[in-house]
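The following pair of complexes shares a single chain, subunit A, combined with subunit B in the former and subunit C in the latter.
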Partner chain A sequence: MSVSRAASEPAPPRSRLRAERLYLFALPAVLLFVVFIAYPILWVAGQSLYTGNRASETWAGLANYRAVLVDPTFWIVVRNMVLWGAITIPVQMLIGGLLAWFIERHTHGLRGFFRTAFFLPVVTSVSVISLVWVQIYAPYYGIAQAYLARIGITMVSSPIAEPSQAIYALILVNVWQWTGFSMLMYIAGLANLPGEVLDAARVDGASGWRLATGVVVPMLAPATRSLLLLGIIGTLQTFPIVHLMTGGGPNHASEVFGTHIFRQSFVLGDTGQGATLSVIVLLLALALSLVQIAVLGARLAPAKGGA
Partner chain B sequence: MTPATRARLRSLTVHAVLFLVLALWMVPQIYMLSVGLRTPAQAFDPALFTWPVTFDNFVMVIRDNPLGRIFLNTLVVTLATVAIVVAASSLFAFAAAVLRLRGVTVLYATLLTTLMVPLASLVLPLAILLRTFGWVNTYWGLIFPYAALGVPFGIVILKAFMEDAPSELFEAARVDGCTAWQTYWHVALPLVRPALVFVAIWQFIVTWNEFFLALIVMTEAEMKTLTIVPMQYSGLYMSNPGALFAVLTLIALPLVLLYIIVQRAFVGGLLAGAVKG
Partner chain C sequence: MKRPLASAASLVAASMLAISVAEAADQQEVTVWSWFHQPTMEKSIEAFEAAHPGIDVKFTYYNYSPEYITALKAASASGSLPDVIGLQPGSLTQQYREDLAPVNALAAKEWGDDWAEKIFPVNRKQMLMGNPAGDANAYMVPQESQVLAIWYNTKIFADLGLSVPTTYGELKAAANALTEGGYIPMFQGAADGWQNENVFLMLANQFSPGITDRAQTGEVPWTSPELVEAMTAWKALFDDGIFQKGALGAHAYPTGAQLLAQGRVGMMALGSWWMQESKFPPPLSEFVDGMAGFDFFYLPPVREGNPPSPPVGGIDIGYGLTKNGADNPAAWTFLAELTNGVGLQQALNALNDLPAVPGYQPEGDITDHTRALYDRFMADLPKAENQRFASPAVAEALDNGLAGVAAGSLDPEAALAQVQAATDKALAAN
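And then the complex of A and B:
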């Protein structure tokens, strides 16, 4: 839209030198982008085509990509990332949306208190959260096993030590931490809902479930779309919870892209494989974003429709 | 039952349920504080609360650890990042939304792709780039990458706000003979203040808690930031959960307190339509 405006409405006449100096306004952002985003991306793309460490590298063509794709760990990572996104995103939307609805529509004096309290996990350092949850899940002295035992569920070991449960135990921590963020996005969405529309729907006899599904959910679609996009990017960059709680274990069962890249690049020192994985994550992020924009529309992070 | 009593009953029920959910939601944080307040004998009790409480753990971990230095590192990195993000993104947003310079739209679209770049895919090249610059274990080594990653989000929000501002104000400034810089400083920035505050607070939270890059860039003990020290304490205090949870509480506390202080401005910015594309 800015393009058409710029074309139809020429800038007021000023000397060429002054016009060029105006580009200084854009310079800092562009400089940061070129040095710390664009250059690193080009570098990994190039590096993914070489093998060996940084002292002696040889051209490898697509050999790194082949090696990454035949590695069974890669497919565990893919499965875990799909689970992570498929569980985290909808569950957070559902709980966050319900919280937002009840807090905004049914509380007054305590509204600020609830908004803040449910958001606190987001601002609590993720490394602190991870270690606290390790303790909660711990066998013998953790509170999870103690309280679950009272309702008849026995935990013999920590869920993060069980290959079949580890990823779900980590997803639970992630959902717990970020639900407050979904809540706040929906609160912003609800605040921008025109009250007359809700009242009109009420007058027409829509209430409860019909009001929610027929009127409110569609009108919150922009917030939902933002949460979907942010959820996908967040899923792909998952790292601290997994690194701190399981390190990707036991036996790679809870490995995600972050921990896999970390191990290949910094523990094993295999720059070629690390770079290849980085490129794959980048391409995935780009592809998923493009698909989403193609299917759901071009607006990036809207909380109100048609703005 | 009159409609008024029914409304009151419904309000009571909603509040009761919200408090119940909140109590469940706060269990991890209550547990953290509770274990931090325990004597060594109670530390392994599988219960949410124990009695009596003691502040010995807090006294000990404050005395034994350089938490002040770590806090200071985090503060320096975070404040510098916030300052750069607010400055660079508002300048760019001004160029795109108000000056409408030729080619800036293309630059804008390019910068926006950064929003879709997961940090996990950049840590390896950034680590190598920072080594080349000699910026490993320096504040700049975190500040510049954080700023670069934060600027696009700031631009999206500030550009939308500047486009929504009445254009007659910018026109009037031009007629009055203001330079571009004066228009930016005296007209544009005051107009978008709620959005600036929102961007600054969000950037503060994100930077303060960033883990992955900090883990790789800050390897020397005296340069570490608050998010990466809990790991080493979990080793140090493995047999003493009371001390570990006391130190974790202290690490988490500053940002939680800060958020409680600024939450009104933060939510205010959000409700003013900060996040709308």
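And then the complex of A and C:
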């Protein structure tokens, strides 16, 4: 009785003061958020409404947004981003998942070696990866050409030199680099699968393909959701591979949001349009994340226990 | 006994601290940012500090893109630019004009009222490029110049019995012979806009000297017949096998330069800066060592009746005094020595490029052959056509047009119409 009465009474002033002080612990995080995230976002959003340089900035309203949306390059970028996300995310998941399955189930003494080998591209410098892949793709003196020449094949062009192929050639490099990350996420998911559920499925006669698709894949859904969210964010953030390998060319054929924003803001000095593109990307990322959370739920951690 | 010793030690320490504080107060500091070759810049700074013991130069090196241009943008927005910044003429200088102090009065005091006349004509023109009408202020001082040319490997040419091509037919034949001999004919890093611009400028100035300058200022349209012909000739360099296959996916640096230095490339469009390869730390290839395997020529006529391409070039790099640096007298002292003094001499000794003003010769261990190459470039520099663009948007449109034409996704007229549209927009904004 005394407990319920105490709960219904207002908290003593000292306790309330103490509870309010607890909010101070959040202050550093809030400050960091405001200074390094909120303020820059607001500054960029403000810049998107102006045109001209710093000395002669003039109010443009939504003119920058109209200019960006009627620019054909913007729609090339949108097409490339859709291709990038639609190809890299499922392909990386599929190959990463298969690698994780085979490494965890079918390698024993060499498990550490395979895990490291496939994860190595993820931790390799993008500059090095770009240099190597430019050389791989190069006809005449390229690495691929050296091997193809042995079977009488001569490359007539570089895939990154062809407007119709450049974006796919870059997607391939991205898949090569990031599949190891998907593999690692699935390895974590597989390690947390409850043995009793798998055993029960086996007792019920599930094995091989049936076990994989009917039991394992659904139980890896949290890892898949995480990869999907990270994949979408990563797609919108794509920059270094494209900047270093093609610079968005030839003639914008492999342009992505990152390179387009960089060019507008830093090469052409058009801060207004650069900021406008940044705001569009931010809104796009926000919308896609919200849709994903609404459709798939927010639980992103790898499966744990029987959950 | 211990107490007097401790007191004496404290006294000595305090005296030393006081001396170092006093020295630091006397020492003036200059902050400098640039993408300039770091070891060479360090030599220039060392020479400057030896000549000016009271000034301490703090140099920060950046890769040009994206590091340098993003650092400049951020520092400009926050008002924290260093005292002196490396600049290219035209678009880069104009982007930061509001942050830069005009140097005319300081330069006149340093080098005399006719200081600008002492600078090579093409550099003088580029120094003011993009200034608003009526603004005769110099916002940058050129340090080094360059002349663009086609470098070729003399040893490979000799092995294949080739001579310097004087017609387009000979150029094509040389490219074929090089390809059949297992070499890359003319390496073009066509993924880099700057290298494409350079070759296009060689072509365009062959059809009508100075035409790209007139097109930038709106005196002639970019769609004029000479420029369309130059663009068509540009496409032919890909189609006729003069450039290597897959050139649009290749970079001039590091790939092209490495292959050229290794003797796997017959020809490459670069500039006078290529001589610096001979001053890089060993091991050097037999071709690069003393420039023994290299010589240069200008692009032969690509159409019957044309002259060969004239020298094209101008400022390689210059330096600007920021408004922050204008409050620091030591900053101008450094800038002056770097562009026309002990700092420049060190850069020339490293064969980094040509000086922006006459009267300098590289010193030190330089072969007769390299010195002859240097002298030929210096003789051509005063008559060089301009290679720079006042508006980055125009340069960007040209880069895209060149890539589109080379890839076959644009025809020359359509590509040049894009450049014209960018020019109209840029001129309207001014």
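Just so we're on the same page, the second predicted complex is superposed on the first by the 265 of 307 C-alpha atoms of A that agree within 3 Å, B and C clash if a C-alpha of one lies under 4 Å from a C-alpha of the other, contacts with A are read in each partner's own complex, and residues count from 1 in each chain.
Definition applied: a residue touches a chain if its C-beta (ideal position, glycine included) is under 8 Å from a C-beta of that chain, and two chains touch if they have at least 3 such contacts.
The model shown is predicted, which means the values in this text are computed figures rather than measured ones.
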Superposition on subunit A - do subunit B and subunit C clash or fit: clash
First (subunit B), second (subunit C), both or neither touched by A:Phe266: both
Touching partner for A:Tyr140 - first (subunit B), second (subunit C), both, neither: both
Subunit A residues touched - subunit C or subunit B, whichever exceeds: B
Partner chain(s) touched by A:Tyr168 [first = subunit B, second = subunit C, both, neither]: neither
Which superposed partner A:Phe102 touches (first subunit B, second subunit C, both, neither): first
Subunit C region in steric overlap with subunit B, selected from 45-53, 63-71, 225-233 or 369-377: 63-71
Touching both subunit B and subunit C, residues of subunit A: 54, 131, 134-135, 140-142, 243, 262, 265-266
Touching residues (chain side subunit B, partner subunit A) in the complex: 10-11, 14-15, 17-18, 21-22, 25-29, 31-32, 35, 44-48, 84, 87-89, 91-92, 94-97, 99-102, 104-105, 107-108, 110-129, 144-145, 147-149, 151-152, 155-156, 160, 174, 180, 184, 205, 208-209, 211-212, 215-216, 226-228, 230-231, 234, 241, 244-245, 248-249, 251-252, 255-256, 258-260, 263-264, 267, 270-271, 273-277
Footprint of subunit B on subunit A - complex, ascending: 2-3, 5-6, 9, 11-12, 19, 22-23, 25-26, 28-30, 32-33, 35-37, 39-41, 43-44, 47, 54, 99, 102-103, 106-107, 110, 112, 114-136, 140-143, 145-146, 176, 184-185, 187-188, 191-192, 222, 226, 233, 236-240, 243-244, 257-258, 261-262, 265-266, 271, 274-275, 277-279, 281-282, 285-286, 289, 299-304, 307
Complex interface listing, subunit A residues touching subunit C: 53-55, 131, 134-135, 137-142, 155-163, 166, 243, 245-247, 249-253, 262-263, 265-270
Subunit A-touching residues of subunit C, taken from the complex the two chains share: 65-66, 69-70, 73, 76-77, 91, 95, 98, 184, 190-193, 244-251, 254-255, 259, 264, 392-393, 396, 399-401, 403-404, 406-407, 409-410
